[in-house]
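Input: structures, listed below.
Paired with chain B in one complex and with chain C in the other, chain A is shared by the two complexes that follow.
After this line comes the complex of A and B, so read on.
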């Protein structure tokens, strides 16, 4: 048994790590307050959610698909949670399980429709995005839930490690480690990847590809619900517009993180830590540009450019990185 | 001597791992119907693709009307007057007959818009040549298959084609329709001065309309432009299949008194199989022989639950069973299927050797909470990878970097590791070098000897006769006959050919 460890210097993640460091150096030298305790704490709260959103998209990209309904699922889960806690008076811990269940259920619906109809998940989730968000708006009459239990909202403002880090970041890092374990060290994780890489071959090798795809969509909904809980504790309320119209504010960071991170758009290869680094990079750039005071529109402009570059890299990446790494 | 309108001299063409053509010659006389024959994989399609500009020969010349030409694209071939009438129809089904015929040169009116009257007038002319009495405004999708084919020929004629390639033109026609087609072919050769290259597996058709015959075998000419008068059916069959190559042979065994592991009783499938009866005993190799499209791969897919069986019984070890999916086939009944299309269905090209060879065993070797590591997997599959002498720098090498032969070995490894009782092996040696081929043959025999029951699907006659205990011949999604294989090449192949060509 000869096991050759890939030289980490040639991995996509190492390259990303270097870019992150470069941006940290640039922003801390040209802006005031980039390394301040306040800013780092604020960054950790934002990046935690971006990582979670990125992971939620990553697990569907793994199948070669997309989840445009991710933001809508997140908002629906958050609003459902608000209703549970505020209107129904359900305690925090059971409510959290209900929220996660709601996210998984909405993801499950996406998965089942995609698999049963054979329509690309782009169209399916475009439709469900609108359906979920529309239903949610009707049921809640677009009223926010602002009187959530204090024990729930306080969590979002806890400060750890000499008040530098939000506990939300710890949840996100734990999610990364768990997903890495799932994909690297379990049979189900390997099957999810194989199904995404070549559905025909996986099916003929005795893997139930449809089930795997449904799992991926469920996992996406679950992670989206986690992100929604984190966002709710951060802003202290469940608001219909918390992720923009139809939840679309989530889509750009959701795609940026995995695509920059090295998850193959055609499916079958993913990078959990790359997604984490990708989310960090996106948050850094956004935050740094805010501090330079370039204005909201320029930030969107730059993020769009970065997504395009990342997609082009996705096509050429194969030539200059180690191809044999399937999970990282 | 009659003039040649198409000539190929000493053409070589290699694909990775296989020499498809070596020094192949082909000479087509003006105004003749020329049969191009050979087994599957003999190089016919490669030669046709060279003539039609899809592939370019590595060496050798191509002459059209006695001047050397280079065909870079199919469009070049059309410009020099070469048209193919494919097995798959090339017409746009939702367009009218007239539009299809005139598609490359649509007439315009004064405003630059399409002139439908003119389309009708011009296309009518070509339809009349083909004795087609149909309105040019008819939608192609409303025509019968036979008429579509005639339209396609009419289209080729409208492109001023002087050389027509017909690839299995009668495969979906009734005898009456075929007869009609032949009359028309003879007529256009006489009246329009075209020459025809005719590819068919039906030898009686060759004798009824062709003037000359070229046979390819293993990429070489078994005969070149032989006059049809000098041939008979027996000679032709011998030219097509007779070879000296000594191949691996299984020992003859009598399986009839061993356990019956799989039995199909009057199975009918959703995709068109009818009256399929098949018995597979322990340690037996049953061959399924037939032409491409006879329904062999599709039958395999019925057995592993990809395609639906609508009536009839499947018995495994004497019990009636239903197989819903490859997952049940593998996990419950220990049936595996090695696909003929290893790049699309057999392997995951973007993954490495280790993952590809272990995909069938993950569920089996997992510990609590689904825990599986590369190390555990490696322990399980490395013995097989070594046993099959797979040449790879490491288990972490990407599968797409391996040679075809080694890739094929990996798609076998994954089923060896899975430890199946019944293995369906589909075209195991297509595009594989001679050494690996012999190795895989030996392996298949060893597998059978150690208790695995095998269904072998192959279009390679020597391979089939070398390995199988019994051979079922399939035709049109039915089993047309059974041959008890005594490994005597001449007798068995003649018996198989009888079932195929009648």
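After this line comes the complex of A and C, so read on.
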């Protein structure tokens, strides 16, 4: 115990946790309504989606790559789900599986192109972002699916724990625990990390690095589809603009959460709970800035600054955190 | 010119409404779908409503982008901050209903402003320009100016704007009623931002400027860009009817490059909308037999007014809009509310 406590206190996650607590105290003190039931509930819903988006990017960053098409995958999956439920009349549960399948498939395409061409996933996903979004726009004629089953859309409005918490947050926390277990305790999880940390060594030790990279992109697409389902239940419709033009509105939270959380951009090391804390921190700061009235346009400025600082910290993080902790 | 317009209208209405002044805990958030010059008049409208009706607050808050999620997030944070009434330009005609329902459940009245949400909705009303009717009237004016025949182009706004479809349909209806002498040769949508509008309108003018006889624009930025294009070309052959009161459009009307414009009433929407929210929070309800108008999206619509202005009355258009706003305000309680 005496040995482990100091270790934990030197982790990036502990530092993040302290920063989150400090911001909670600051915003509670200087703003009106930060701790109101309405605001905490709204925060729980926003942070749930941001955590999922962050996790979706984190699993590709693990390979040393990026998934710029994440938002486009999310929108495509959501629109596909809207088509399944509204146009085809497929029940909710099978539709959810189809949505998840669509997200995974689009991620699979990203992975296959990346490993087959050897081109960095930054370029590949930049291209597929436009391809996926363009195809979706052509097929749907940019028409939203607005008459989804109430049993699906009502889920996003459920209030738990004396109306303070959205069930979406429980889904995100469950996803974090599942991913932590996957990467920490399973054979396939360790192989994914090994492939990202040192592809040559992994290949020599019998791991199919290409397959692992494809799995990571599939997992990213799957998690992006989960985020899309959550967002669709929140806004009650599947809308082409739900993640902005080309899905690019997801990129900032997608990068901020894992990078702040301690996932190395060079790959091979990830922090599931750090990503969760990173998403919480970003959502807290955004909400707090709204409440202290800094002006909506300044919020983007501050988030950009935070990302820049996080990237700089990423370069120095290895020297100040425990090198032995690969998954946290 | 826009500032002058707002000042004159607001001063006149303020003088006329001092009797409404009182004190209230109503804090109104006026939230557009995203940044756009059309909504700028809401800021002064809110401030004047605070001054004239004794509201606690009536603040104009703009999402950083045209994005439903960002708009929802902004509204939620504003409610967390204590705003207890919300006037919103819907980020999506159906998608926005979700948050309006949640606000209603929390005892916060809402209304759609300048654009409607589709029913069923918890929004208390939709108060805006009858955009379809405005586009229809504008197209009729254009066809008349063209002598009842020729080819026209229609430049309009964001596809995510619930008004855009209504405008496209209305222009088609007016053309259909022209009896076959008029043909729509191009509809360019999703250009209510300067960069895409500039690119697409100028490309169209370069390619088909010689073929087109008339232009109708039904969104702010396309009206500005098309007016500028005609002025730069020095072309008075092509007739154009624009929308709104940007000074570029008004100047082009005075110089004869643009035939006229369909004015809307954003100031009146923000000002009267804030007043209505305060009334509803004070216990008033809409009459069961209120004379609502119907649109394709809702049957709880109140028209904030529209008027065609051409070279004969472009210098006095402020009077026309002022008159419309005052008329609506003077009769609003008796016509729509049970207090």
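Methods note: the second predicted complex is superposed on the first by the 322 of 328 C-alpha atoms of A that agree within 3 Å, B and C clash if a C-alpha of one lies under 4 Å from a C-alpha of the other, contacts with A are read in each partner's own complex, and residues count from 1 in each chain.
FYI, contacts are C-beta pairs under 8 Å (C-beta built on N, C-alpha and C of every residue); 3 or more make two chains touch, one makes a residue touch a chain.
Bear in mind the structure is a predicted one, so any value in this text is a computation, not a measurement.
Do chain B and chain C fit side by side on chain A in the superposed arrangement, or is it a clash?
When both complexes are placed onto chain A, chain B and chain C end up side by side without any clash.
Would you please give the vertex angle at the Cα centre of chain A, with arms pointing to the Cα centres of chain B and chain C, as a multiple of 10°?
130
May I ask you to decide whether A:119 touches chain B, chain C, both, or neither, giving the answer as first, second, both or neither?
Neither partner.
Once the structures are superposed on A, label A:93 by its partner contacts, choosing first (chain B), second (chain C), both or neither.
Touch partners of A:93: none, neither chain B nor chain C.
In the overlay, answer first, second, both or neither for which of chain B and chain C A:150 touches.
In the superposed model, A:150 contacts neither chain B nor chain C.
Answer with first, second, both or neither: which of chain B and chain C does A:235 touch in the superposed model?
Once the two structures are laid over each other on A, A:235 reaches chain C alone.
Check whether A:305 is in contact with chain B, with chain C, with both or with neither, and answer first, second, both or neither.
After superposing on A, A:305 lies clear of both chain B and chain C.
Of the partners chain B and chain C, which touch A:206 in the superposed model: first, second, both, neither?
first
Pick one for A:139: touches chain B only (first), chain C only (second), both, or neither.
Neither: A:139 stays clear of chain B and chain C.
In the superposed arrangement, which partner chain does A:21 touch: chain B (first), chain C (second), both, or neither?
neither
Closest pair of CA atoms, one in chain B and one in chain C, after superposing: how far apart in Å?
After superposing on chain A, chain B and chain C come no closer than 38 Å at C-alpha.
Looking at the complex, which residues from chain A come into contact with chain B?
Residue list for chain A touching chain B: 1-4, 6, 185-191, 193-194, 197-198, 200-208, 264, 268-269, 323-324, 326.
Name, in rising order, each residue of chain A that touches chain C in their complex.
Of all residues in chain A, those touching chain C are 31-34, 36, 38-39, 42, 46, 142, 144, 146-147, 153, 156-157, 231, 234-237, 239-244, 249, 286-287, 290-291, 296-297, 299-300.
If we count contacts the way the header does, which residues on chain B are in touch with chain A in the complex?
Within the complex, chain B contacts chain A at residues 304, 306, 325-327, 329-331, 337, 339, 344-352, 355, 359-360, 362-363, 366, 369-375, 378-379, 382, 394-398, 414, 418.
Residues of chain C touching chain A in their complex?
Listed in rising order, the residues of chain C that touch chain A are 61-70, 72-74, 76-82, 92-95, 97-99, 101-102, 106, 118, 159-160.
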